[in-house]
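Attaching a single structure in structure tokens format; questions to follow.
The first chain written gets the first letter, and so on, giving A, B, C and D; residue counts start at 1 in each chain.
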Amino acid sequence: MAELTTTLGSFVLPNPVLTASGCAASGQELHQFFDVATLGAVVTKSIMTRPRSGRATPRMAETPSGMLNSIGLQGPGIDVFLEKDLPWLAEHGARVVVSIAGGHTDEYVALARKLYGNPAVSMIEVNISCPNVESRGQVFACDPAASGRVIGAVRRAADPKVPVFAKLSPDVTDITVIARACAEAGADGLSLINTLLGMAIDTDMMAPVLGGVTGGLSGPAIRPVAVRCVWQVHQVLPHLPILGMGGIRSGLDALQFILAGASAVSVGTAVFGDPSAPARVLAELDQALDARGFASVADAIGVAHRSVTEQAKEAE
Amino acid sequence: MTPVQEIGEIFAVQKIGEYYQFTVVAPGVAASFTPGQFVAVGVGGENTSMLLRRAFALYGATPTGDFAGTIQFVVAEHGPGTQWLVQRQAGDRLDLVGPLGTPFQLPKRTVPAVLVGGGYGTAPLIPLAQQLIEGGSDVEFIVGASTASRLFGELAAKRVAGGVTVTTDDGTAGTKGRVTDVLPAAIQRTKAHVIYACGPMAMLRAVGDVALAHSVTAQVAVEESMACGVGVCMTCVLPVVGDDGSSRFVRSCVDGPVFDAARVRWDDVGSLPSDLVGADAMGGH
Amino acid sequence: MAELTTTLGSFVLPNPVLTASGCAASGQELHQFFDVATLGAVVTKSIMTRPRSGRATPRMAETPSGMLNSIGLQGPGIDVFLEKDLPWLAEHGARVVVSIAGGHTDEYVALARKLYGNPAVSMIEVNISCPNVESRGQVFACDPAASGRVIGAVRRAADPKVPVFAKLSPDVTDITVIARACAEAGADGLSLINTLLGMAIDTDMMAPVLGGVTGGLSGPAIRPVAVRCVWQVHQVLPHLPILGMGGIRSGLDALQFILAGASAVSVGTAVFGDPSAPARVLAELDQALDARGFASVADAIGVAHRSVTEQAKEAE
Amino acid sequence: MTPVQEIGEIFAVQKIGEYYQFTVVAPGVAASFTPGQFVAVGVGGENTSMLLRRAFALYGATPTGDFAGTIQFVVAEHGPGTQWLVQRQAGDRLDLVGPLGTPFQLPKRTVPAVLVGGGYGTAPLIPLAQQLIEGGSDVEFIVGASTASRLFGELAAKRVAGGVTVTTDDGTAGTKGRVTDVLPAAIQRTKAHVIYACGPMAMLRAVGDVALAHSVTAQVAVEESMACGVGVCMTCVLPVVGDDGSSRFVRSCVDGPVFDAARVRWDDVGSLPSDLVGADAMGGH
């Protein structure tokens, strides 16, 4: 029985399987299929300062082993979230990672302040895959300076007891540059990865399928990109905790991320096909660790890097 | 009425016109079914490239008696997922989640009702009719389709309710024309207080207009593309007017698929009306 | 019967379906399954100045609706290519797009010179998804300046009668920036896209599956990313011809690329599952064009942009 | 001997120990088969997430007579692709490409031969034995596996050739030990000039060493992970010494799967030896 306890900065989790932001709402619906308190934590849909309508439909397109979404961060806003969703999660004994999003640095700061001192908040995940209103809508996560600014500001504004993770986009030339910028700005860890920008065209309507024209690609299709991002970042920042995600559907998928350097994983799109996927992935991962003789999750983190380092040594 | 996830064995698949009627042993889904709800079915089998479930309105569920614990739904061949599904046979297993969604609301007092089904949309209206009739309401059916082979449930409708009017766009069966051509007469004839409808979006909208014109309520079961079917992804939204008079994008998988037609902003489906709650916050994104 | 003739710069093709570099070798093998002369053109495996061994095995890993490869450009070198492969293609009536690759700008130039005046060469595709030896191995295609330098140099050195296409990598923050740099440097068109950088970890060996550690992700899994890249580039450079590719397996897949702005398409990974895929895709595309009442391929190029432009107009 | 692509109907699937023997109607593949070649089978069906074919050595092909136009191959359950395959039944259709690869080379003159099969690796050696015997060569078999249930083709081997020695690592059948423990004796006994082998890489290598020690040639059929199977992708390479004495990565799908064991640089499989032709050019990448 491997020890499943893991940590994301100062946040100690009973096990390394979480939901993914935007793929579990605020836990209530999935609680019909499994007890959300049994997960490492619930990661909430990215919340913003004000209510948001989200984008026009259609908002999704199924693609080979993946899907595109253009939800546009529909949500009730932080006040309703604090009043309704967060208390429900606390009552049901779930650990909560609150995902926050904004269009200006000060929006992120305002959100961090609202969460300050709230005992129900175990960690903040900063979704910086949002257009930066201040710079012609360029996505924060695509610019090291903008990423660093937001993360630094959130880290300063947030409760010091609560780890702040930056959630990065894979749509960059070198993700390690963004990772370094966030680390230097004070990020306690990184969530890797958000969706890839993609699109599909309806060959009958001869127009883009999505109301938002482009959308975010997720699911097993992107897993190789996600594992690569975790691998690259862990290689340059081996001591920075990583919450890995991207196409995880099974315990062995999750193990790939842990071996690549993730301390915990989020299960996202898989939930849509199997509402109890996070609980199942946890059970499968537990088995897989035992079968490989790992005494703990910690022992497995980043292990796949050893083989390569050794080969490199031999080559010398 | 909480949904369950279970593997159901197919008891029978019958071809009816252009449709396939599935009877599946699924006691968990059958246990808490209410008319208007749907079931989400995994498609493609192991190692499939299709990640998402397909939604089908429940045609019936038999919690007890013979066929105990079976559910019925009707499948029209559309794309790869339904093509895979209609190739399944008795004995095969299906991955099911259900029952899902908000069912049809029954009238507080027993009042006459007209049930309007378009294509396979008649399926969920059959168990509804039984429920209404057991409750003492008079029920009349209008069953329509583009052409005869796309009609569904005419006989079943006749069996539960007496009056059934059939329409087809091409006149290959029943009255030539649309369900809404014969709906006004039916409302007057039956003194209906409520209309229940399921079918293509355009039909539901037209039914809603007729209902409005006759100042009766219309409960319609919509079809929006769904990723999760359980309320977590926000893909399936429609612009709907709330009790507070302001409009929001609401999830048709949990707040629907049944809506009050008068509350749905049909004109704005597929767009982002600027007066929607939170539309002002969309600037940046 | 839609007119299938299309053009890539000055290169006139009888139809818009080509093979993809590295997925058809030099045509001989696929000729066992269909007549390579019936395709728009054969795009050859990227050729370099010298023979290359390629990387250590394992060189591939299957992933959901995709695959990873780390071949490492194994090939005999330009001289053997000119002596053996190119003549074979010419004899068999195939139009040839020669893909060239290098580690220095001058390698690319040397290759362009070797191809100068060769009647068998209809077009040059410059694979700039290669590490630039002169800048610590950063991939040319990830840097607008380096991309522009290579493309400019090749354009100047190459036969003026032969169009020079730059093949871009999707692994960049903004592909339109690289596209512009190549266009300004004289590229006659762009090939979009090369593989995405990905990796897989063997959960039994607890080490990367690929000998090259990371590899290129291809196949239907990446199609939404490829369509998005074609869409974005066509939007900013509507007059620059695009050879689209990435996960094309059917005629309707190909049509998505054409509607997004591609003048022709390459079929790559699909060949591994179906060696006659390019011929099948062509037949299916022909049908799809007819079914939609297109008089010619040209009429379909970029059509999906109209709907969006119109909506934008209405919004005003 | 050019390969064809065809849809073949499964005639029979027989479970033999841990293996599944497939007989598939595939006249095109059967027509030009030579022992040592393989067939590439599409797996997963429509809308599968598995893009690549799976390779299987041809156990036999019957171009004429009864079972005309059928091929046989033997499948061991391994991962998702073979798991899908072994669930197929008679009447199901398979997407096939074959015959592929360079077959076993027959000796110029008729000389005694020892055929060494490991696990399902015995399969391709059966039709080879028939060919050799028809050619007048004496043939003796060594059939090995880790354990009895993983043995294949012992009876078939007995039927074509007289002498069959069985070995299992755990002694559950035949001599306890490896095929290479009994190979030297067999070479001496039969005065073999050539050894043909198919099985796990480690076994092929060991067989090659024994052959070298007895200065006889060994033709071995290797298994390298393959993406295309037809020679276009370069995933399936092995470091092999060429006639010019220099080594290259060669494609096991077209230049193999059968190689002269003495030419394969077993030590360097999975690495990049610096003396390989073109290894010097790998610096940058």
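Rule of thumb we're sticking to: a contact is a pair of C-beta atoms (placed from the backbone, for glycine too) under 8 Å apart; a residue touches a chain by one contact, two chains touch by 3 or more.
Remember, it's a predicted structure, so these values are computed and weren't measured experimentally.
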Matching interface for C-D, options A-B, B-C or A-D, criterion over half of contact pairs identical, gives A-B
Contact tally winner between A-D and C-D is C-D
Expressed in whole Å, how far the mean CA point of subunit A lies from that of subunit D is 46
Chain-centre distance (mean CA atoms) for subunit A and subunit B, in whole Å, is 35
Between the Cα centroids of subunit B and subunit D the separation in whole angstrom comes to 56
Note: subunit B residues in touch with at least two other chains are 49-50
Shared-interface residues of subunit C (touching two or more other chains) are 64-66, 219-220
Within the complex, subunit B is touched by subunit D residues 44-50, 80, 83-84
As the complex stands, subunit D meets subunit C at residues 2-3, 5, 42, 49-53, 97, 224-225, 227-238, 248-249, 254, 269-272, 276-285
Contacts from subunit D onto subunit A in the complex sit at residues 49
Within their complex, subunit A touches subunit D through residues 64-65, 220
Residue set of subunit A touching subunit B in the complex reads 22-25, 29-30, 32-33, 45, 48, 50-60, 62, 64-67, 69, 71-75, 77, 103, 130-131, 133, 137, 211, 219-220, 269-276
